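As structure tokens, here come the structures.
Here subunit A shows up in two complexes: once beside subunit B, once beside subunit C.
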Partner chain A sequence: TARPCMLISSSVALDFVLIGRTSAFLLLHQARAERFFRSDHTNNWAVLVCTSRFWFNYRHVANTLSVYRSVKRLGIPDSHIVLMLADDMACNHRNPKPATVFSHKNMELNVYGDDVEVDYRGYEVTVENFLRVLTGRLPPSTPRSKRLLSDDHSNILIYLTGHGGNGFLKFQDSEEISNVELADAFEQMWQKRRYNELLFIIDTCQGASMYERFYSPNLMALASSQVGEDSLSHQPDLAIGVHLMDRYTFYLLEFLEDIHPASQANMNDLFKVCPKSQCVSTPGHRTDLFQRDPGSVLITDFFGSVRKVEITMETINLTVPGIPLERFGGEPHTETALAYVDQLPVAQIIHQKPKQKDWHPPDGFILGLWTLILLVFFRTYGIKHLKHIF
Partner chain B sequence: MPTLTLASARSPFRDEFAEELAIRPLHSGDIHASFQFRTVWGVDLLQATDPRFLRYAILPREIVCTENLTPWKKLLPCGSKAGLAVLLKSEKLFHSSYFSQAVHIRPVCQGMHCTVPSWEMRQTLNVVFDLYTSGQGKREWSMFKIKIYVDVTDSPQGELFELSPPTPLLSQAVVLGDRRTYSVYDLTDPGTFGKVRSLNLLVRWKADNGDMLRPLLHGERYVAGFGLQTGEIHTLIYNNHPYRAFPVLLLETVPWYLRLYIHTLTVTSKNRENKPSYIHYQPSKDRLRPHLLEMLVQLPPNSVTEVTVQFERALLKWTEYPPDPNHGFYVGSSVLSALVPSLVAMDTNITQEHPLFSSFFLCKEESSYFMRVYTEPLLVNLPTPDFSMPYNVICLTCTVVAVGYGSFYNLLTRTFQVEEPSQSLAKRLANVIRRWRGVPQL
Partner chain C sequence: MFQDRMGLLSDPNRRRALTNLLTRLNTPICVLCYLAGVAWFMGLAFEPFTLRTYMSENAMGSTMVEERFPAGERALVTAREFGAHKRKSGAMPVDWLVKTMQSRGLEVYTQSFSRRLPFPDENKERYMVRGTNVYGILRAPRAPRTEALVLSAPCSPDNSNNQAVGLLLGLAQYFRSQIYWAKDIIFLVNEHDLIGMQAWLEAYHHTNITGMDWAPLHGRGGSIQAALSLELSSDVVTSLDLVLEGLNGQLPNLDLANLFYTFCQKQDILCTIQEKLQRSDWDSVSGYSQAVQTMALMVLKQASGRPWGDHGLFLRYHIESATIRGINSFRQYKTDTTTVGRLLEGMFRKLNNLLERLHQSYFFYLLPSLSRFVSIGYYMPAFGFLAVILLLRALDLWVQLGALPSVTEDGVGVTDQSSSPSLVSILTPVVISHLTGAALYTLPVLSQELAVQHFPVSETEAVVLTAIAIYTAGLALPHNTHRFMLAEGTEQGWRVLKLVAVLYLAVLLSCTALINFSLGFILALTLVPVAAFVTPHVPKVLSAVVMVLLAPGCTLLYCVFAFQELQEAPVSLIDGWMLFLSVISQGMLDHALYGSLVYPLLALFIYPCWLILWNILFWK
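Right, the complex of A and B next:
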């Protein structure tokens, strides 16, 4: 009969409509899913550490400052950057141009800049302080600028440079941090949910050994040289007299200068920075602990601070500012005139009474000494012999 | 919960901000520029400033560079974006002979009657530009682009240097007991600029010589002696006033690893011993507290007073040495506080419009002003072990060899002999007492 045909046709038509709807749904969900698999971080932090002291390690400070400069230029504010410089090169007495640190010879680019804020300087850059910053175990009196206040939606960039070897990094020529300690610190950070994703870059000799022991998720690491290779420095400046930068960071800086906040460059481009022809050493990277595909990770996810802005059309009513109340404490102040304290009250100083020295009972040392003498005496002779001696 | 208000109904005093630049060309061709920024808050959080709660802290090895200037500039209301702070370019500021920046926060009087205090934050920056090192060989200095004061006392008729553009505004102020004349450029007055919308201040030197007036009080400090065992700290205090003597409070904080011998403390002026009117000394405790020495010394007129104290250098524990121990250890500067008699009567009327730099130290008397001078920090070497790897290897190897070889040698050559035991000291002493008593001995 006609009805089943109609039914069939209507059901087929319904099916067609349904298929049409599901495909539309699929497209919508695919777009949503794609957005979901992009990074879901809400803030960016950077910890930049230079571990070398002395004038001839100028290049390590220049390395760290050029990464600092790029990171600031791409939007991460000073409050979210922990900068640790183990020595002062800019105002060093051997610097012919004070308040400058150059990265290119002929003094083309001053990476020290005009508004640098260094959080840990000089002797404060130690292994202990570095690990405390990472894990957040700082004494309560530490100011905010010296803390890494990251949460579980933070993407953190960690950059280390200095002298290193197979499995260790030297701090200030007097102590060292091993790759096991570093891996454990990152695991502590993971367990305390102090990062969403972490990018670790190291520019030292045999740098790849430092990321060998990582075992926490969401870590990506880059190093300037493999185990057994040395990272070399780039070019000396004859006016300043030292090597200005290391090769890997020099080419990294050149790569980052082309990045702007809206750039779509991803991590695969970063892995190609400084091939063996330019760097002499072989840069390495490690992405097995990272959940996303490096090709979908933007450079600005770590180096910049690109915020997701949601535009809303609703208005929010802020409360009317309150009427100022009376002064604290009721009765405001007396009418007596105040006066400045005497800066150098000579008469008062001269006529001070000397402090009375209180008698203190003899302290533990004297009591202990006399007890020892008496003890030895009585042990030698015994109490019962005392009357024979005296 | 009652809250504090910024503007009370009683006094309409509001927060205010003032900035000023004072330029003083020196005889040597250098320029001394002093920036002063003053923020006053009309808040009366009066807490009595009791001098007994004074705390003093010093970081002798603190390198001052742009990284110190950046947070300092952020304290200004407009940062470095507007006002005189735009002139603070770090490359020029740190390439200078002398640089000093400070923040002072204190309660000040508000109004004539001084019944209500307000809080003042004063930021000062002093630079001495050395023209020859900054690459400008010409004896000429210009600054372009508030109030700017240029000190013209030394050249009233234009003998020493010539100032352009000329300004009819002259003001006199007493600074540090000396009456000086200033040409004032008021940047808030549009007449200063004329047709061009910028001010180009040019100072051109004419004469080449001339000596400066010596300051009435200044100090020097140095370490004497040789070797890594002992040494002597000498502090020299100069009083250049021709006929007046005045007291000086000397505060010295010496770290614990320089063990001072206070019995060797001597104070001499004009080759005669000068007994201080007051001495306070708090000894150090190892690893806990430094030495604190405070003395009130009367300085005779036109003299040099020398304070010397001997010390011994301590050997620190291995981990207490900094990463670069052969650089040396810094000892903080000593502080000289004095009421210096001024050569000129001062005006203590606080409500009159004064340039900021002359109202820095507020004092009650008219005939003297308060001054605080810091001496140089010292750099001393402590006996430092050799931390280098070859030294450690040699020590360990020699120890192993000594222990191994020594045991073997003993085994081969040592022989034992029987010996009568001698009496112990206690027994001998007891025998002496018994002999004296006439009792049989042990």
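Right, the complex of A and C next:
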């Protein structure tokens, strides 16, 4: 796709070179302008999923609500958050403090709050609904609050929590999503250009197995435990009678509470959250599919919705795109029109290369070979043995 | 060459070799199997072979609750009030209970019931029973009324169990002020212990199994998930005893026992099972002997088929229940009522978290101690060894029957006999034995009037003595049945009869062991040797004595003495005999009142089987 921003910045630089003004003062503006365009996302989305139900899985709902709370505090609005909770803990009959979900013992932090907006609740949280949300294949009657309306400039945060195993995550005690399905869903998202960059966080037992199979670009993944390890829960609350949070998300929440919208903390700090001494399990991460260096990725690129607004007292001359090309004196050629990427590239699908099949020797050859063998056998040992075969 | 390829069993030579082996080695293998069965059973309590108990139900988790029950002293005051009103009114103070429960905010209902026992019960001194149950329902504040938990305390006529009712009312008041209940809690005070409980349960579930007269229940909770029965007769306790055995040897899910044990450890209360203390050295010799004693006590209690606490009747409706009994012995460390209340509060909060009925842990188990258990997969082979003896004997008899016609052809013996015995000569002993069994089952209760008129005994004694008389009269049968036989018995005749008897016994014992392992195992211990060795050719007097000593009646007598020994309260012969008589009468009453199956099983099936074997011994 054409990148008008880059053209503007390069045109700014060329302009200065051509005109010949080289002062540090203007270079500073240039640096600031370049930083302005460091990441190419324009909007943020979050998909937060809690997959387990029943009162003794209180901590999974608390996990998801903690991340929801942080994400909302850092600026992502409810319209850009798809919150899926498989069970209602706040209004469960066994909750001694109704309408609250606490994340810290002694009831210090109520993550349920009074403005929580749950998009998929109870039995609506299924593998099918989750995959439909990710890929955008929802029936036309689905309301906007239940859709992930991301585009190719969206940075998406996906947070999953629940009970998992090696290669799967359990939904609602009755079905599972496998790591292959998840990887394919992300590939579908990439082909439809439904994300710019995607951060995937999972807090389950053996969570690292879920990101092993990813193969689409611009994916970064974090998990609370490696394959073969269990993610442990953090604190029981004796008044409520259940474990309130999982360790990894507890320390993640602690880390996120220090982040504010202008914070410059980057992903390397996030990777250090909850080392083995605190978490007992070993958190893992995967960045090989991500194109930028994690050290240059801000936390707020995914967890917040930071508007790119820079206040400056100086005027910066930004010329109209296309004019520098004319200045260079080349043939004036018309600017190619900018268009959206084809969401469903039918041409590519129809004219696909045929799948490479394994080569077999032709059938007739095999038949002839066996006939030859049989004939040789009977010739050597005589025809009288034929009756033993038939 | 053709015969080389024949199968093992279809080749006559090989078959003959196999059957010869079977016949020759039969007795040694039987003896070995018997010893192996007994040794396996004794080895079950050996510590390395047992497993440590653990909580299987995920929803109940660990002891992660904060118990805050404060009102132990107030519960004792209520208990004293209850005792005073009970003494004043002589029976259960229904009005006072209704008023007290209502003041605590429960929905209170009463149920009246009446029952005439088949004959007077001398242990509890009752014949015409009329009573009232009082129960209050604590509705769950926010939940639909689909599930319920029950806490019950019996109202005993003398001065016992007052503190249980007091604690029940104290807990009711405390529970009422909590909002985290997801199930209704029913607080039940039942009169005439098991009879009242049976009336309440029958009315709750709309069944009428035992022919009792009860008023229908006006108030109901949902389906009951678990029940606890409390027996507390002192202000302070030194230990809490857990009673699990219920009607017909049914046991609650092991998770309930695990729950009790974990909370005992949390509250630092001394907990026992079979009233035997926990110890730390289970692998020593004395530890092993205590484990064996505990397990043997559990086996005896389970085999008796009677409910050993008020909880025993819930198990029939698939409601997991247990009785917690407070014991006050001469020990320095006493636990007060508040701590007992906290234990119950913790258990109820955990049961409240349940989403389904308890089903994750074992339903069939034996407990050598509260922290160790033996599951059905481990104890069943002990019975299997004993059942194999019967099958081996049956095979041996089959082989002998197959070989016999060639023997009689040689001319020794009577010549003008049919080669196969007539059906009548086999059926006759069977039918007559079963008729005697039916007589043993029905006559004692029916003829008590007649007996009381002619003999100076009470009704209970009349019933029991009639039963013993019929049992002993059965011993004289063989001499009389021969009058009904059309021809003399043959060698084949008794073999066929024994084959039938052995297979019948095997089926009976196996079915019994499936439902109530302890009963099946104890009966097998004495009946299998009898069935194995009895033939008309063994020395008559000696084997007659041995057979009588190993008969079901004497087995019951030995069990009574063993039970008293294990409880460390050994009895003299006279007292043991009186206890034996009362056990027989209790067995008959249990069958009539609650539907216990031990007495019909013994009278209608086991005793006729033994009589058939007795007939074989005196075969002519």
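Assume the second predicted complex is superposed on the first by the 273 of 390 C-alpha atoms of A that agree within 3 Å, B and C clash if a C-alpha of one lies under 4 Å from a C-alpha of the other, contacts with A are read in each partner's own complex, and residues count from 1 in each chain.
Criterion: a residue touches a chain if its C-beta (ideal position, glycine included) is under 8 Å from a C-beta of that chain, and two chains touch if they have at least 3 such contacts.
Computed from a prediction, not measured in an experiment: that's the story for all the values here.
In the superposition on chain A, contact of A:His260 is made with neither subunit B nor subunit C.
Once chain A of one complex is fitted onto chain A of the other, the partner contacts of A:Gln172 are limited to subunit B, with no touch recorded for subunit C. Counting the residues of subunit A touched by each of subunit B and subunit C gives the higher count for B. In the superposed model, A:Arg94 lies in contact with subunit C only, and not with subunit B.
Once the two complexes are laid over each other on the shared chain, residue contacts for A:Gly113 go to subunit B alone; subunit C is not touched. Applying the stated contact rule after C-alpha superposition, one finds that A:Phe54 touches each of subunit B and subunit C. Of the two partner chains placed by the overlay, neither subunit B nor subunit C lies in contact with A:Arg193.
In the superposition on chain A, A:Val242 makes contact with subunit C only, while subunit B stays out of contact range. The residues of subunit A shared by its contacts with subunit B and with subunit C are 54, 91-92, 98.
Here subunit A touches subunit C in the complex through residues 54-56, 91-96, 98, 236, 238-239, 241-243, going by the rule given at the top. Touching subunit A in their complex are the following residues of subunit B: 2-5, 8, 10, 44, 46, 49, 51, 61, 63-67, 70-71, 80, 89-91, 93-95, 109, 113-117, 247, 249, 277-278, 296, 322-324, 337-339, 361-364, 370, 387, 426, 430, 433-434, 439.
Across the interface of their complex, subunit B is touched by residues 53-54, 88, 90-92, 97-100, 110, 112-118, 121-123, 172-174, 324-329, 332-344, 346, 349-350, 352, 376-377, 380-381, 388-390 of subunit A. Subunit C makes touch with subunit A in their complex at residues 58-59, 61-62, 64-66, 140-143, 178-182, 349, 352-353, 355.
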